[in-house]
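The structure under discussion is supplied below as structure tokens; questions concerning it will follow.
Lettered A, B, C and D in written order, each chain numbered from 1.
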Amino acid sequence: MEPKSWIRARARISPYEIVFWIAAAVIPFVFFEHYLSLAASVAVAALFCISLDLILGYAGIISLGHAAFFGIGAYTAGILSARGWGEPISGLALAAAVSALAGYIVSFMIVRVQHLALLMITLGLSFLMTELAITFDQFTGGSDGLQGIDTWKLLGIWKFSLWGHTAYAYAISVLFILFLLARRIVHSPFGLTLEAIRENPVRTTALGAPNRGHLQKIFVISAAFAGVAGALLAQVSETVSPEALGFQRSAEIAVMLILGGTGRLYGAILGAIIFMVARDQISGFYLQYWYFWIGLILIFVVLFMPRGILGGLERLARIGRRS
Amino acid sequence: MSTLIAVLFDGLSYGMLLFLLSVGLSVTLGLMNFTNLAHGAFAMLGGYVTYALVELAGWPFLATLPFAFIVTAIIAAGFEVVLFRRIYKSGELNQVLLTIGVVFASYAVAAFFFGTVHHSVELPGYLKGFVEIGALKLPSYRIFLVVVALLITTVLVGVLEYTRFGAMVRAAVDNGKVASGLGLNISVIFALTFALGSGLAGLGGALAINILFIDPNFGFHVLVPVLIVVSIGGLGSIWGSFVAAAALGIFDVVGKFLFPEVGAFLIYLFMVVILFFRPNGLFARR
Amino acid sequence: MNSLETNNIGKAFGKLVVSDNVSLALPKGARHALIGPNGAGKTTLINLITGTLAPDTGTVLLNGEDVTRLEPNARVKRGLSRTFQINTLFPQLTPLESAVMAICERNGTSGHWLSGLSKHAEGIDEAHDLLSKVGLGDDAVKPTRDLAYGQQRLLEIALALASRPKVLLLDEPAAGVPKSESAALFEVIAALPEDISILFIEHDMNLVFSFASRITVLVQGAILTEGTPDEIAHDPRVREVYLGGAHHG
Amino acid sequence: MRKTLTAVCALTLSLLGGSAMAQDTVKIGIINAYSGQFADPGAQLDAGIKLYMQQHGDEVAGKKIEIIRKDVGGIAPDVAKRLAEELVVRDGVDILAGALLTPNALAMGDVSAEAEKFMVVMNATTPVIITKSPYMIRTSATASQINGNFGAWVAKQGVKQVYTMVTDYGPGIGSGAAFEEAFKAAGGEVVGQDRTPVVNPDFAPFVQRIAEAKPEALYVWVPGGTQPPALGKALAERGITAKNTKIYGQGELTDDAALEAMGETAAGIITAYHYNVHRDDPLNNEFVKAYRDANDGRDPDIYSIGAYDGMAAIYKALEATGGDASAAALIKAAKGMTWDSPRGPMGIDAETGDVVQTIWIREVQMVDGKPQNVIIDQIDNAR
């Protein structure tokens, strides 16, 4: 194949994608009207998952503390709103900026360590942020969570109500826009460079790449994405508590991403959908013991779909096409 | 003065508890390079074995400890053969996901059999209360913990450094191909090593009941402190874990004693700083 | 002015001296071979020149500029490029992607995160030309891990060329290449642009003597002798240390 | 535009559906922690609900009571809020209840206010929660109700100086502050303040600090569960007992597990609580026996009684409204209600909707060689 068209094909939008997004925009409103609140939080989780995929799936930076940036975004938007400015979109923008700044500061540390040390440092930062949020209770409301968040009407028109129509429309729109941005990033020269660094950092250095600089840059971008996801949750649920920064949220999002499949963007979205919906449905049947079934699902996926659910589906599709 | 000694001793004994819980992970994660987040679940298993034997079958506490080790080791070996063995080469992400799955399931199983309530065990009289040395009051159970930890360290270092089994483990880990060429049965050695590491977790869990109690969340709860100890100590280093655990325990307790308002920060700050400058931990094996 | 110079470069790990006051000079367009028995410190010297290792003593000059304190990637930007003895590639990426990445890094577009890759048409064309030149044109869009070993060696060279080096360090380019594929490799090496100065380590004496204009013999981290292929071929000391006992084939 | 239109249509449809169902059943949505770190108090709370319904049937004023349970999994206000919204929107509940944890209760309160649903807080004790919705009542206790009154009581016993040690999160800090404020108002002095971590605390360093400070009296607040026995052990192991330091605390401090851990060193500790499992009273005895029978011999605790009385409040309010489950009717009926509970006489404040009850002051005494909480005083109609 001609190289330029091969490169172009690599980034071409497939019909499946178009179908997916139309379905995502329409199906919840039409068929799952009573699940819009859940759908909105799935969209938030998917966005957060994409932010982790940018560093883990594309750049190979593993993190057990990414909720730190999610939480910073959530608190930024939350505090802004509780102090009297509840306009949602500017809240997202500010949250992105503050999280990006935090990500920039942390990134100097992140790019110098790997493996277990990286896991533990990110985890430690997540715990430190949680402690900070509890300690500075005059800003954050402490462990009871931030009170008084009031999200204004979206674009001055649509009110956020408990029916979740505005919430879902807002969340899916933000997810879609940032997904397009993420998609553009991973198909840019920068995205290719990141994949190369993930594959072999020794070689990229030998090709003149400043690995750390590149990794810092994607870390900052990813932190901003996570911050937007956190801000979305704060605005839609009108609550933030220190748990937004915590280890459990970090671990859960990593589980969703690996479950869906890393380095694919859609793996992040699929992982979030499957994990959140499975938990909602299973915990409806097995109030106390749903952990058991979630655990079995995770074990099953690792054993039979080692590249995540999306990776497994791709393999099935390939086998199907061949036969 | 006696308060200072008492505080240092509290720190040391807390550290020893952390050591007993984490030394097994140092073996499985450090030697076998298997990211085993289910370590805490095996510790919980050992804890419930001791609880069941003491409270339901009426055994004396000390007599249950070997069983906490053995039962956990056998069940862990079963897991190794059926599940974990398949993912040694699948990369750490898959290992994280699968072992977290095991922790999730273990929570539900524990809640089903033992309820959500926390349990403790009845200790024999000589492990209760405190021992008075002059003006110094040292809790008996904590003295016991320190003694057990020293014992385990000695035995473990002896086993891994000076026995044929230890040599085989190191050979299998360093170079599986060469070792199997020498006629070693790698999969048996790995299963035994995993059973040893998890059995130690079970023993740690049994010893921890009296301080941390045991409930279905135990597997989640101890995971983070245990990972901290192992990462700071350095993978695969028994002494590293020992020193790191002691240092962490003392640092944590003394920190909270002197600066209670920032106590919770210190331990994480300590870890982040150490790992930033020594990413492989203080006593890395490699 | 020499393209590459090392002046009394030294490095020791504890008591083990791996590089002992090595001074080399490559004029523009040099074809300079570095030979010596295993453990002579050849790859170490390459690592000291590229900056992967920091020397204890001495300096490295690149086109007259002292680069001893520069990071490896900064030296690449100044025209120093290398290949690896053991394939050091991007297994999941295709040769085309690998080369495009290398070219983007060279021309400063690797940080562009908002423009699609396909917008960088010249880079893609250049990458494909480069791959075609080394004979990988037809396999440019196969994942690297699926390429034959000899093809992967060629990709090593192609990637090193993508940064348009003035000085190229080849670390055993023919290592492990089966006889059936080595002809293609020799052709590529012979056809390298004349204005690039090349320092190469090689055990294949056919390649060394057919290609090098000067040869340095390294033993235990130090230079034993340096000279033209003719001089080296007839130097009894070289025969003794190199061809005598230590040759490993 | 079309989106708003669908939204409006959906709203109308759901409202119609909701009112149609409301004719024969009253749905109660319970948001509680059934899994995770708080699963055990969650289980006790749920057992309280179950026992009440087992004893009183599932029909009130001609309406069938239907319970829909949701697991919030721990402290997660965003999830609690979503679940509350879903209960209202998807399941069409009439009443929101549960609210084990303060952050979750606060988030549920928003939904109660917006959706105009009656809400019963069955556990969370932070005072401010009750202000979140005009349709809310509480059947547990408030941090200030127990500890404010207790602080004044302690000062009245002639205690001059106290050292406080509370868990470093909302309920602990709130309880400690209420105690200190009342204690100081009555002329006492706070000589030291420590905060212990919420998760996995090793109490050793804090107990050492107390041993070093040698205060006249110690006030402690720790959450129920593993912490009271752990603290009990830490105190006993370092020789701090009521013999050398007066020890005060909220009732969890001397729960049965803690008493077992401390043994006779517990004697003399004085605590304040709104529920005593061992209080000899016909209503309580019957309740405890029934609870044990239904739960493998386990004793009820504050979570159980909060939920039990929460259900009592719902049943009584529904009886009073003749089955009208609208928030306005229920809150009107519930406010000012009083009844006899296993915990003692209790009621709902006519103004605030918060709980009014007797606070019991108990001292640990050795009874038949075993430490027990013996009631030595009581504060009636505490608010």
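Quick note on the criterion: a residue touches a chain if its C-beta (ideal position, glycine included) is under 8 Å from a C-beta of that chain, and two chains touch if they have at least 3 such contacts.
Quick caveat, the model's predicted, so the values are computed rather than measured.
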- prompt: Any chains in contact with both chain A and chain B?
  reply: D
Task: Please identify which chain has its centre, taken as the mean of its CA atoms, farthest from the centre of chain A.
output: C
- request: Round to the nearest whole Å and give the separation of the Cα centres of chain A and chain C.
  value: 42
- prompt: Measuring from the mean C-alpha position of chain B to the mean C-alpha position of chain D, what distance in angstrom results?
  reply: 36
Message: Using Cα averages as centroids, what's the distance between chain C and chain D in whole Å?
response: 73
Task: Pull out every residue in chain A that's touching 2 or more other chains.
output: 288, 290-291
- prompt: Which chain C residues reach two or more other chains?
  reply: none
Task: Please set out, as single numbers or ranges, the residues of chain D touching at least two other chains.
output: 35, 39, 43, 168
- line: Full set of chain pairs in contact is A-B, A-C, A-D, B-D
Message: Quick check on the complex: what are the chain B residues that touch chain D?
response: 3, 6-7, 10-11, 14, 107, 111, 115-118, 120, 128-130, 137, 139-142, 210-213, 215-217, 220-221, 225, 252-257, 260-261, 263-264
- line: In the complex, the residues of chain D that touch chain B are 35-37, 39-40, 42-43, 168, 194-195, 197, 199-200, 202, 204-206, 208-209, 211-212, 225-226, 229-230, 233, 236-239, 257, 260-261, 263, 296, 298
Task: Could you please specify the touching residues of chain A with respect to chain B in the complex?
output: 56, 62, 109, 112-121, 123-125, 127-128, 131, 247, 251, 254-255, 258-259, 262, 288-292, 294-299, 301-303, 306
Query: Which residues of chain B touch chain A in their complex?
result: 29, 83, 86-87, 90, 92-94, 96-98, 100-109, 111-112, 116, 224, 227-228, 230-231, 235, 264-265, 268-269, 271-272, 275-276, 279-281
Chain A partner contacts - residues on chain D that touch it in the complex: 3-4, 6-7, 10-11, 14, 34-35, 39, 43, 69-71, 73-79, 81-82, 84-86, 88-90, 102-103, 106-107, 110-111, 114-115, 126, 128, 168-170, 173, 198
